[in-house]
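When the chains are written out, they are named A, B, C and D in that same order, and each has its own residue count from 1.
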Amino acid sequence: MNTMVKDSVETLPACQPLTRRQIAERLARDIPEGWYVNLGIGAPLQVADYVPPEREVIFQSENGILGMGPAPAPHEINRWLINAGKQYVTLRTGGSYMHHADSFALIRGGHLDLCVLGAFQVAENGDIANWATTTDSAPAVGGAMDLAAGTPRLWVLMEHTTKTGESRLVRRCSYPLTAIGVVKRVYTNLAVLDVTPDGFAVREMVPGLTLAALQEVTDAPLRLTAT
Amino acid sequence: MNTMVKDSVETLPACQPLTRRQIAERLARDIPEGWYVNLGIGAPLQVADYVPPEREVIFQSENGILGMGPAPAPHEINRWLINAGKQYVTLRTGGSYMHHADSFALIRGGHLDLCVLGAFQVAENGDIANWATTTDSAPAVGGAMDLAAGTPRLWVLMEHTTKTGESRLVRRCSYPLTAIGVVKRVYTNLAVLDVTPDGFAVREMVPGLTLAALQEVTDAPLRLTAT
Amino acid sequence: MINKIVQNMAEAMAGIRDGSVVLIGGFGSIGQPNALIDGLIEQGAKDLTVVANNAGVGHVGLARLLETGRVRKIVCSFPRTADPVVFEKLWRAGRIELEVVPQGTMAERMRAAGAGIPAFYTPTAVGTALAEGKEEREIRGRKYILEDALAGDVALIEAWEADRWGNLTYKSSARNFNPVMATAAKTTIVQAQHIVELGALDPEKVATPGIFVSRVLHVPYGEPTVT
Amino acid sequence: MINKIVQNMAEAMAGIRDGSVVLIGGFGSIGQPNALIDGLIEQGAKDLTVVANNAGVGHVGLARLLETGRVRKIVCSFPRTADPVVFEKLWRAGRIELEVVPQGTMAERMRAAGAGIPAFYTPTAVGTALAEGKEEREIRGRKYILEDALAGDVALIEAWEADRWGNLTYKSSARNFNPVMATAAKTTIVQAQHIVELGALDPEKVATPGIFVSRVLHVPYGEPTVT
């Protein structure tokens, strides 16, 4: 537990880690009808693909879209309609537009039910680091800090470890923080974990994985959720 | 000059004080095309009647109307369209609606070219008192403080003296203040006066009136505008 | 399927507790949700703090609510009207607390509550009696006072059109405080003249997106009267 | 007759001075006024501070302006894009100053400038590197930082429709920063795809009322490309 470098996920015995798409699919199952949800750019955007249209979940994009729909067919593109990841999207029936100040008033005001962000690290106290790792290129924060500080329910979707096997669930973040004490739950390729006042609590693991094996690849101490 | 009570306007020799409508008409002459103007409830609202429609002046009403037009014909009333004085009005071609927070953001942000308010007193330092005189009835401020603090050019339209002959142009306001140091010009039934760093400067008087006679009914010291 | 449209007044008023802060839309009687106010009287919650621009007229709507004695305190900008008999009597008898707030500050304090801004500086009311007890601060050479966000437990709103997601439009100057109050309350209850199909409202024209709306009751009451 | 429509680019750009703070609308390339940016390059003002969400892509629009060396400083939330070659080169060479601001804080700081709010408290960025040097304050049990208003000398805006009073609509997510920037600058210059007759825009749908607009240039450029 004293080193950041853990056994890499590949060495885990007898379990099949989820793909990114499978993490998105798993997370989508926990979003009930009627929630207003912002999906961060990158992997979190894939969550929308796994919410069936008949389950009305209203997606917000911070560039002023409430009720964002899926990507358009090539011949139906509205070239003035992009999401925060700068991809073409559609507007669902019932959706509407707003300007940036109103959009972030909505976010900062805590009106969303859920925000899903990717992250480099999540700490056991709920801190999140997801916007900067090195000083090699110019820093770019976008709307991450507003979303993280403003949304009452923040879930993180990320790989459990880095490519080199370092744990992304840590005691304290070593990368620059995005917000302090805000993460409520983490969905990784190995497990679903709640952030509690007592640190990370494992809600579920991929089949075949044990708490001991999960702990081996996790920097922060883990316990099972009380059931 | 040491008493608030002055000779009443009626005793002034050889001059015809303006009626309220005439003050409004006089003030209207000084509003050029293209200005955005808020007219306070009461007498200032009459100013709109003296701006000819071909001179495009855009009136704002703080309850969310930009481009307010005159009162409607009885059979053309829109019962959801009232001004800040709660009278039926119309919307000019090119007008639009906004909510109260946007309306006062516009006001507080200094975007209006002119606000015309009535007042109980204006002091030579530009202080204005126009919202409360006694504590007999519940205090009611409305939008006066926002308009007075927010508009870069505040003109006051009022009688020069009270009914009992007390000057409304004073050294320091005795009534509760609406805003400090904001009045730029005063239009009364006797004169037009600028508020300058050196106090009131008389721009013009009704025909037949002299500075000495005007001073007789004015608490604050007066001088003529340098020309 | 998301459906915020409720079938009767009891459903609309469910759960409003004694001691609630209730934001009530409207400027005078225009945009004032009189049916919902009557519903609140019927519902019986007491010890209320009401936030509304005016303090009611005659014995209907807000005045009727005050008359029941269920309002402990009113926050408003302009309690004085042509016929404020109910409020004035209660106030003179010391049976209701009054907080007078400049109209623009009132709107901005609610906008702040909805936008996650706990406090802001404003030039309005600096140097006046309404600044007493407030922090004053000089910023870039001008004086400002600090104002707190003003949040509601419940907002009662009047709209023109509504769909099942709670998207709203307003009619003319009936917009006024309604959109900003909708953002500032935990539970926003709407009376709408017209219920329309999802998709019937132009996405560029929605004035209050459904995210700010909890319940919608169809109240096709016809035309308001100015009071 | 009020007529804010100008006939050519030179008129649109008249009077922009060296050292100006220039707000440039758009989110990525959507809603970005590329024709006006080219006009600004032609006009020649230098030593500029540019406020824009991104820092330009490839060698067109904002990137081209940066490439001319006329921008001393850029205030933005997300300078990193698929192809930020111009900005990155300048930044690494120390030839441009960068102020990274969370996207919602950036929008709110301009909204504050337009709304007469000199400073406000926000939860965004508390406890992070972007809070360094800022006043922190606990309000009702939560920590906030103080952010200043961000005003422009000039705003360059892209709109969908405009009339001669300067009333504007936007198309879909091209609204983004444009309306808030229009309120925050002394001079707001618009490029509009369509010029319409006064009265052609629905008063309930005007997204930027003409009071915030100084000049409008007709630029029917067709469709944007996402970059």
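Everything below uses one rule, namely that a contact is a pair of C-beta atoms (placed from the backbone, for glycine too) under 8 Å apart; a residue touches a chain by one contact, two chains touch by 3 or more.
For clarity, every value in this text was computed on a predicted model and none was experimentally measured.
Asks: Considering only chains that satisfy the touch condition with subunit B, which of them also satisfy it with subunit C?
Replies: Shared contacts of subunit B and subunit C: D.
Asks: Using C-alpha centroids, which chain lies at the maximum separation from subunit A?
Replies: B
Asks: Go ahead and note the Å separation of the Cα centroids belonging to subunit B and subunit D.
Replies: 36
Asks: Using mean C-alpha positions as chain centres, tell me how far subunit A is from subunit D in Å, no decimals.
Replies: Once rounded, the distance between the two centres reads 30 Å.
Asks: From the C-alpha centre of subunit A to that of subunit B, how far is it in Å?
Replies: Here the centre of subunit B sits 57 Å away from the centre of subunit A.
Asks: Two or more other chains in contact with one residue: find those residues in subunit D.
Replies: 108, 111, 115-117, 122-123, 170, 204, 207
Asks: Touching at least two other chains at once: which residues of subunit A meet that condition?
Replies: 91, 97-98, 104-105, 107-108, 150
Asks: Quick one: which chain pairs are touching?
Replies: Contacting pairs: A-C, A-D, B-C, B-D, C-D.
Asks: Subunit C touches which residues of subunit A in the complex?
Replies: Residues 33-34, 36, 56, 58, 60, 66-67, 91, 93-98, 104-112, 150.
Asks: Which stretch or stretches of subunit B touch subunit C in the complex?
Replies: 61-65, 78-84, 86-88, 91, 97-101, 103-105, 107-108, 127, 132, 137-146, 149-150, 176-180
Asks: Write out the stretch or stretches of subunit D touching subunit C in their complex.
Replies: The touching residues are 108, 112, 115-123, 139-140, 142, 144, 148, 169-170, 202, 204-205, 207.
Asks: Can you list the subunit D residues touching subunit B in their complex?
Replies: 1-2, 111, 113-117, 163-165, 167, 183, 198-199, 201, 203-204, 206, 209-212
Asks: Along subunit C, where are the residues that touch subunit B in the complex?
Replies: Residues 27-28, 30-31, 53, 55, 77-80, 84, 87-88, 91, 98, 100-105, 107-108, 110-111, 122-130, 160, 170-180, 207, 223-227.
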